[in-house]
Structure formats: C-alpha cells, structure tokens
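Note that subunit A is present in both complexes that follow, paired respectively with subunit B and with subunit C.
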Partner chain A sequence: MAKMMGADILLKVLTNQGVSTIFGYPGGATLPIYDRLEDYNIRHILVRHEQAAAHMADGYARVSGEVGVCLATSGPGATNLVTGIATAYLDSSPIVVITGQVERRFLGTDAFQEVDIVGITIPITKHNQHIMSAADITPALKTAFLLAKSGRPGPVLLDIPKDVLTEETEYDPDIEATLEGYNPIIAGHGGQIKKAANLLMSAKSPVIVVGGGVIRSGATDEVVELSELLSAPVMTTLMGKSAIPQSVEHYLGMIGMHGTKQAMDALKSADVIFAVGARFGDRAVLSYDKFSNLAKFVQIDIDPAEIEKTIKVDIPIVGDAKNILTKLIERLKGDDSIKERKRELVKRGIELYEFDEGMSIPSIIEILSGMEGDYIVATDVGRHQIWAARYYNSAGLGTGMFLTSGGLGTMGFGLPASIGAKVAYPDKKVVLITGDGSFMMNIQELATSSQHNIPVVVIIMNDHHLGMIRQLQDTFYDGKYIECTFPDNVDFVEVARGMGLDGVKVTDINDVKGAIEKGLESDSTFVIDCIIDSQQNIPYQSYDK
Partner chain B sequence: MVKKLERVLRIYPKEDEQEFTISILCENKPGVTANVSNLISRRGFNITSFIGASTQTEDVYKIIIKLMATPTGLKGIVKQIAKLINIIEVRNSFNEEFLEYEMLLVKLKYSIEKHGDILQVVNHYNGEIVDLHEGSITIAFNGTPEKVETIFALIKPFGCLDVVKSGIAVMRKYEDDGADC
Partner chain C sequence: MQKIISILVEDRPGVLMRIAGLFFRRGFNIEALSVGSTEIPGKSRFTITVDGDEAVLEQVRKQVQKLLYVHRTAEHDHKNSQLREYALIKVKFSNKIKTEVFHLVEFFGGKVLDIYDETAIIEIAEEESRIDMLFERLEPYGIIESLRTGKVSMFRGTRSINPQK
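Then we have the complex of A and B:
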C-alpha cells in the first residue's frame, strides 16, 4: 500500500464521502491541507470570517440534508467557529468541522495559536475528537460523517495537529470505525405506537404540532396524511416553519410566543397534542405549567433525551418520525371507525397585515410572499425574523427551505447561511430577510459572495433599531429605550458597491416589488435597503382568553 | 401599555437536591470523563464522589459517580450521558438496591504512647497497617461509607497528617436474569 501524507488522506476521505465543497479560511496549522487542495476535486469557498464558514456549512446542510464541511486553523480560527457550531448544534444541523492544531510536541504549552478547541466545544458538538496520528484520520472522518448525519443530526468536530497532517502513513480506505455505544433508535416501539393509535382514535379534537425534526426526517407527506386521516389541524414551531406546505388548508401556522391566534386557540381546545420532532422550547411553550395542563401529550422524537425534557408526556415514542408515522397510519387505516370520524376541519385564515401604505416589515414580507416564487428564504434574528415566520406564507415555499436560527438565535446567521444554501442549490433563488443589526454582524461575507459569484437577494429591514431589543424594552422595561438605536450612518448600498456588488435603497412601499424583482434577475448579490418607518411590535400570544 | 407577559423562569419544578449514584460503562477514550462531568456541571450540580477503572472486558471502563442533584435534573443528566458517543451503558440507582464500598487510607501522628489506642481501633475495624515510620503510621480501612465515616471520626483525634478516600464503589445487588458478568 502506498504511503500518503495526512493532508492527502484527509482530502481523499472527504472526496470519498461525497464532499464537493468546503467552506474555510487558511491558517498556519491548516496549510498542509491547502497545499494539497488543488489536486482534489473539491471547491473551496474562501470566507472572510470563520464564523461565516460554519454558518455556510450549516445553511448548505439544512437545505440539502447532506453534511456541510468547514475548515479553520487553530486558535482564533477555531474559536471563531464556536458560534456557528453552537447554532448548528441547537438546530440539529449536520456539519463536520475540521480545525488545525499546533504540532503534537507543543500541545499544552500555550504555543502560538493554541487553544483547546475540543475542550471548548464539548457542550456544543454531538461528538468531537483529537486526531493524534495520521492513521486515525480515515476512521475518525468516517465516524464524523456517520455521526453528523445519523440519528439526531448535529455538528462533529475533528481537531488535527499540523504534524499529523504532514505525517506519512499507509492509506486504507476500507478501515471501519467501531462505535459500540452508538445505536440511534429508528424504528418506534410497536407497543407505544399502538397506544398512541388508540389514544388518537378516542380523541375528540387532536392537534398535530410539528417541529424541525419532520424536515430532517422527510416526514412531511406522512404528517399531512395523518392529519387528514384524523381531521386534525397541524401547527408548527419556528423550526418546523417549512415542514408543512402552505397549501395545506388546515395548517394553522406557528405556535408559541409570537405564533398565530388560530394555532393558540386550537391548542387550547385540543384534548390530545401529538408532537412530532419538536422539543418544546421555552419560546414555543410560553408557560410549562399551563402548557402541560392543556391536553394529553404524545411525543415522537429521535432523541430519547428530548422526551419529557421540559413537559410531561403521556405517550413517548422514540424513533425516526417518518418510520413511526408510516406504521401509525397503517394501524389507523386498519381500523374502520376512522372513516366515520371525518370532521369539519378548521381552515387557516392567513393573517394579513393591515396595509397602511407605509414602509413596514410585515408589509414588505407580504409583498415577497405574494410573489409565490419557490425561493429559499433565510432570515437573521430579531423582529424581522418573527415577522417573516408569521407573514411569509408563500405557496412556493418548499420543504426545509426556510432557514432561521431558531435555537441559538444567532444574529449574523442569515447572509452566510444563504450563501451556503445557494451553493447547495445553484439553480434556486435565495432571498435573505435581514435587519440592519443582524446584517452588520457578518456583512463582510458580501465580499465572499462577490468573489465566488454566489448571488443572494438581500432585503434589509432597516429601521435603525435593534427591533427586538426595542420591543423587549417596551414590554418589560416600561419603554425605556437604552442602546437599541443606530444612527443613520451606514449606507448599505454603498457598502455593497464597495464590495463589487449592487443594490438599491427603497423608501416607498410601491417600489419594493420592483426592487425585489430586480434583485432576483441580477446575477450577483443585490442589496435592497428598505428604510422602515414603523416601529410596530409583534403581538404576543398568551394562554389567557 | 402592553400587557406583561407570563415568563418562564425555571423549566424544572422546584425540587430539593438529593444524593444519587450513576454507574457508567464506557469505552476507554480520551475526553469521556470531561464530557460526563460537563453534563453535570452545566446544570449546577456537584459531584461528591467520582471513581473510574477498567472492567472484565478489555477497553471497557466503569465510572461511578455520586452527586447531589434534583430528581428531574438527574433524569436529564442520565439521558444526555447515554447519548455520548463513547458511552455504552448508563444506570442510575433510582429504583435499585445496590451495595456500596469504600477504602480509607489515613496517615496519623505516631508515638509509642498512642500505640495501644491506635491498635485498638485498627483491630476492631479490621484495619491494616500499611506503613510505619518514625512519627507516622499509615493505616487502610475498608467498609461501607457509613462505617468509614465512623472510623474516621474515631481516628481523627489521634492527629491526621493525610487522608485519602477511594471514592465509593457501587454495585447492583442483583443482576438481570441470564446476564453474563
């Protein structure tokens, strides 16, 4: 067997795993990889900040379902990835993170650009590992891809010292890694499925709550079939936003703090809440006491640790959503009484924003939504994110094509995630809805999009405020606004032009549609700076009345 | 004025902390203990005893942790530990009968006048004198944690120079039928 350098083995295994693109930023410790890169059929997207590399891999993974890969050097390169890794972890996105590390003989000496990234990322990775010899690269990478993608997906980090990358060893592509303790449960427990079926059969007004797990599992059709079978309305969490086609009439929108009234009313009148791939986070549930008392709960999740994590569950089923729903539907169909259960279903009355001719976030989102394109839509974090989740109800929204940082709420996620998504689907239009605060957090990636010609339509909801902070100060701090205002000192269109792109500033609501159309036609990233007049807060939902 | 919103301050119901024991079978890989203790510390719980050593199976290690935690918190910890990639099995002592055993190694100030008194404790509790130097005597005791506490209380007045406890080894009283050990 021929001897190969660690860096070559790494690139070879990546190629064999089907990796066509990596997002990265070079540094001293990863130079052996970059030195060998041109010999392999891998596209490297050079970012402008490592955090963006992690978000791009994340965005790529979310839309494609394939593992996204990012690469950074030791020390600051690795720590810059941390926010991106945590974002992927909280939203269960499959990414493999490769970090360079100082040479083995310097480990633990606080050498130049040394940081214990494995130690730092323990709580925010599904698994992480030092690779201490070139012979370990193949099994460790294979394991990393398997772990990232299987069961509940998540980020896996591999930390490789520089001298491991230059070490020569025999390359055996067939080495398999054993994972004795890793055995994700896919098939649901038959007894539990039977119990759930019986409960659903006897339920008077069951509802289905769908989370991001349905997108990861690809169980959209099954959820829709089940809801029709039971005549049960469907609602989603923020992460489940694009899990159900907008054309399903009994899809009632989003639950939670900023959900729709219809969804909250349906929850309140339900006697069985059937949750699929949703983890009942605090923003979705509002009050654990009140939520727990609403109805009987059935919870399907692939991660046993999510069962009963926050609320008491009557029938838990651990396993893959698609697998379990298929079996459940089979069982329900076998029962004749299910046909007599046909009930009148509540139809969704899509909440429309009361147009007042002014520039407001919801009205711009409605205009975009009304264009009904099959765009990939990404958001950043803040008021625009929630307005987008409420009012972007376009029939063109495909499954898993709404990208948002739901768990961590990472401002600056949007632009890199949209670039990653565009790399995964070059033929689809990608639209980013962002705010003036969030956009500024990774604005440097405009240069990446410009260099690699990855076009994204950027709609900035520029209200010169940190809108969500303003809203929270409004609600909880008696309207005392502290440090939530930005002066009008940034011209986003000029910034875009400065990075080789173009854009337009929009101050009249009647010009918005034209600007978006222009952006969609453009073959490079187009920045639409929408100057927002209104500071309208998002309504809160509650369990009272 | 916008209505004040109901806010969630604490996910878990208010509970008192109790002592629990977790027994873990894991692969002998770097970072396993760091991963496990991280899951405990991030919830603000404290480990009171932590031991780990090899088992009858090659490359499989057993870790036994005693900790102060709330019952709901413990459930979360056990589920999260089970998820760790290098963990083979986790059990908690919640509903099981189990045996506990501990070793105490103590170095006392020694003088010929104290000899009789020290020896009385050693003989009564089946201690073993492992080392004797001028001015110091080192003795090992074994027993349940309660017994070790008693011995320690008796021996403390002699003047302790150093004390080491092994940490508490825990074993289930009964194995499942047909389980091969």
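Then we have the complex of A and C:
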C-alpha cells in the first residue's frame, strides 16, 4: 500500500465522499492541507471570516441535503467558527467542520494559537473528536460524514494537529467508519403507528403541525396526503416554513408567537395535534401549559430525546417521518370508514392584516412573493425575518428552499448561507432578505461573492433600526428605545461598489419590483438598499384572543 | 428523587466530560460518580447518582444515550438491583478503644485496614444506610478524614447492561 501524508489522505477521503466544495480560510496549522489542495478536484471558496465559512457550509447543506464542509485553522480560526456551528446544530444541518490544531507535542501547553476547540464545541456538535494519528483520518472522516447526515443531522467537528497532517502512513480507503454505539431508529414502532391511526380515526378535528424534520426527511408528499385523507389543516413552525407547498389550500401558515391567526384558531379548536419533525420550541408553543392542554398529542421525531422534552405526548413515535407516515397512511387507507371522514376543509384565507403602504417591509415582501420563479429565499434575523416567514408565500418556493436561522437566531447568517446555497444550486436564483443590522454582521462576504462570482440578490430592509429590538422595547419596555437606532451613516450600495459589486438604493415602493428584476438578471451579487419608512411591528398571537 | 443510572461507554478520552456536561446543562448536580472497566474489553461503566425532577432526568438520559461513545444506559432501584457503596474512614485510635472499634466495625460489615500513629483506617462496602450508621457511630471517636465512592449497582437476575448478554 502506498504511503501518503495525512493532508493527502484527508483530501482523498473528502473527494471520495463526494465533496466538491470546501468553504475555508487558511492558517499555519492547516497549511499542509492548502499545500496539497491543487492536486484534488475540490473547489475552495476563500471566505473573509471563518464564521461565514460555517454558515456557507450550512446553507449548502440545508438546500442540498448533502454534507457541507468548512475548514479553519487552529485558535482564532476555530473559535470564529463557533457561532456558525451552533447555528447548524440548533437547526439540525449536516456539516463537517475541520479545524487545524497545534502539533501534538505542544498540546496542552497554551502554545501559539492553541485552543481546545473540541472542548468548546462539545455542546454544539452532534459529535466531535481529535484525530491523533494520520491512520485515524480515514475512519474518523467517514464516521463524521455518516453521523452528520444520518438520523437527526447535525455538525461534526474534527480537530487535526498540524503534524498529523504531515505524518506519512499507509492509506487504506476501505477502512470502515466506527459506529458501534450509534443506531438511529428509522422505522417507527408498529404498535405506536397503530395507536396513532386509531386516535386519528376517532378524532373530530385533527390538525398537523410540521417542523424542519419533514424537510430533512423529504416527507412533504406524505404530509400532504395524510392531511387530505384526514381533512386536517396543516401548519408549520418557522423551521418547517418551506415543508408544505404554498399551493396547498389548507396550509394555514405558521404557528407560534408571530404565526397566523388562522393557525392559532385551528390549534385551539383541535382535538388531536399531530406533530411531525417539530420540536415544540418555546417560540412556537408560547406557553407550555396552555399548549399542553389544547388537545391530545402525537409526536413523530427521529430523535428520541425530542420526545416529551417540553410537552407531554400521548403517542410518541420515534423514527424517520417519511417512513412512519407511509405506514400510517397505508393503515388509514385500509380502513373503509376513512372515506366517510371527508370534511369541509378550512382554506387559508387572505389574512386580514393591515400593513403600512409605501416602503414597509411587508409591502416589499408581498411584491417579491408575487414575482414568478422558484427562488431560494434566505433571511437574516429580526423583524424582516418574521415578515418574510409570514408573507413570502410564492407558489414557486420549493421544499427546503427557505433558509433561516430558527433555533439560534443568528444575525449575519443570511449572506453566507445564501452564498452556500448558490454554490449548491448554481442554476437557481438566490434572494436574501436581510436587515441593516444583520447584513452588517457578515457584510465582508460581499468580497467573497465578488471574488468567486457567486451571485445573490440582496434586499436590505433598511429601517435604520434593530427593528426587532425596537419592537421588544415597544412591547415590554414602554417604548423606551435604547441602542436600537442606527444613524444614516452607511451607504450599502457604495459598500457593494467598493467590493466590486453593484446595487441600487430604493426609496419608492414603485421602484422595488424593477430593482429586484435587475438584481435577478445580474450575473453578480446585487444589493438593493430599501429605505424603509415604516416601523410597523409584527402582530403577536396569544391563546386569549 | 434520587436516581441511579448506569452507563456503558467506549473507553475514550473525554467521555466523562461529554456525559457530565449534559447533566450540568439541565442543572443536575451529580451526587456521586464512579467509573471503571467491565468484562467487555474497551468498555467502561459509569454509575451516576443524581437527584432531581424525574421527567428532566429521563430527558438527560436520552441525551446521554445519543452520545456516540455511549452504548447503553440503564436505571437502577432497590428492587431491581443490588446497590453498594464503598467508604474509607480514618478515626483517632488507641489501644483503649480497640475492642469497641473492632466490634463496631465488624458489626456493620466493615474491616480495619490499617493502624498507624494512633489512627485507624476502616473500610466498608455496604448499603448506603449502613455506611451512614457506621459513620454515626464512629463520629464520637473523631473522624480525621473520610471518603465515599458513591453507589455502584448491578441488576439482579439475568438482566445485564452488556448488549451481548
């Protein structure tokens, strides 16, 4: 067997895993990898900040379902990844993170750029590990890919000392991953499925609540079929946003704090709440006490630890959503009385909301929503994010094509995630809806997009505010606004120009559509700075109304 | 409520940190923890004693079960398991009290391990309550230092944490 250097083994295994792109930033500890890079058929996207490399890998993974890979050097390179890793962790996105580490003989000596990144990322990775010899690279990397992708997906981090990368060893491509203690449950328990079927058959007004798990599992068709079979309305969480086609008329929108009134009303009148791949997060549920008392609960989740984490569940089913729903549907279809259940379904109404006319965030989203095309849409975090989740209802929105940081709520996620998504789908248009606060948090990635020619249409909802903070101060602090206002001291279009891109400032709602069209036609990233002149807050839902 | 959990793990660096972190995150104070090798090569077994809300604890157990290096978790109680704890107690000692101390220790099922410099080291492997009692009875003699390992436990009958058995 041929001897190879650790760095070569790493690149070879990555290639064999089908990795075509790495998002990364070099440093002393990873230079052995960079030195060998040109011999492999892997595209390296040189980011401008490691956090963005993690978000790009994440965005890539979310839209493609394939593992996204990012690479950073030891010490500050590794710690810069932390926010990106946590973001992927909380939204169950499959990424593999590779960090360089100081040489083995310096470990634990506070050597230059040494940081215990494995220790730091234990709580925010599905798994992580040190690789202490070149011979361990192949099995560890295979394990990492398997873990990241299977069961409940999530980030896996591998930390590799520099001298392991230069160590020579025999390369055996056939060494298997070591996953002795790992066996995610895929098929649901037959008895539980039967119980769920019986409960659903006897339910008068069942409703279906869909989370991000349905996207990961690819169970959209099954959910829609089940809802039709039961004449049950469907709702999603924020993470489930693009799990149900907008064309499904009994899809009632989003539940939760900023969800739709129709969804809330449906929940309140339900006798069975059937949750698929939704983890009952606090923002979706509002009050655990009140939510728990609404109805009986069936919960399907691939992660046993999600069952009853926050809500008592009558019938839990652990396993893959698609697998379980297929069996459940089969069982329900076998019951003749199912046909008598056909009921009039509530249709999604045009919601009676009144938003400010002119340059308001919802008006702009409505315009975007009405434009034809199957765009990938990403958001950042803030009021613009929630407006987008509520009102971006284009029929062209494909499953999994709405990217948002739901669990961690990471400002700065949007631009790099959009770039990652565009790398996964070069033929699709990517539109980013961002805020003036969030955009600034990873604005340096405009340079990455410009260098590598990865075009994204950026719509900045520039309200000169940390709008969500303003809303919170309105609601909970008597309108006392502290540190939520930005002066008009940044010209985003000029910033874009300064990084080799173009854009336009828009101050009239009648110019929005044209600007977006121009962006969509552009073959480089186009920044549309929408000057918002409304400070309208997002309505809250509650159980009392 | 006090719970005793056994965890069968791969013997890898950092396993302790991963497990302890999950308990810590949900606010559990680990009352006792013991770890050592098992009959399976490369596998260690933790016994963890914690006190707290049962539902949350069950959740933590599921989280622990998700760790790659964790193979099995199991919960013990007085009915399904034998529970034991080990203690070392060093007391002031003189020939004057020799007979009573030896008698006491023997009665509770312990053993005098060492006598040195007017001190005696006593060991005992027993149920928690009996160790408590011995401590109580030795207190008057003056305890110089002591330690307890925390509970270890084993299922009664054929049940085993070893997945092969």
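Keep in mind that, in the parts below, the second predicted complex is superposed on the first by the 538 of 545 C-alpha atoms of A that agree within 3 Å, B and C clash if a C-alpha of one lies under 4 Å from a C-alpha of the other, contacts with A are read in each partner's own complex, and residues count from 1 in each chain.
Note that a residue touches a chain if its C-beta (ideal position, glycine included) is under 8 Å from a C-beta of that chain, and two chains touch if they have at least 3 such contacts.
These numbers come from a predicted model, not from an experiment.
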Request  = Using the overlay on subunit A, decide if subunit B and subunit C clash or can fit next to each other.
outcome  = clash
Ask   = If you stack the two complexes on chain A, which partner ends up touching A:305: first (subunit B), second (subunit C), both, or neither?
value = both
Inquiry  = With both complexes overlaid on chain A, does A:288 touch subunit B (first), subunit C (second), both or neither?
reply    = first
Larger contact residue set on subunit A - subunit B or subunit C = B
Key: Which superposed partner A:477 touches (first subunit B, second subunit C, both, neither)   = neither
Query = In the superposed arrangement, which partner chain does A:112 touch: subunit B (first), subunit C (second), both, or neither?
reply = neither
Message = Per the definitions at the top, what is the overlap between the subunit A residues touching subunit B and those touching subunit C?
response = 118-119, 122-123, 127, 130, 147, 179-182, 303-305, 307-309
Request  = Under the touch definition given earlier, write down the residues of subunit A that touch subunit B in their complex.
outcome  = 118-119, 122-123, 126-130, 147, 179-182, 257, 282, 285-288, 290, 303-305, 307-310, 474-476, 537, 540, 542-543
Query = Tell me, which parts of subunit A touch subunit C in their complex?
reply = 118-119, 122-123, 127, 130, 143, 147, 179-182, 303-305, 307-309
Key: Touching residues on subunit C, where the partner in the complex is subunit A   = 9-10, 13-14, 17-18, 21, 25, 55, 58-59, 62-63, 65-71
Ask   = Of all residues in subunit B, which touch subunit A in the complex?
value = 2-6, 8, 11, 26-27, 30-31, 34-35, 38-39, 42, 75-76, 79-80, 82-89
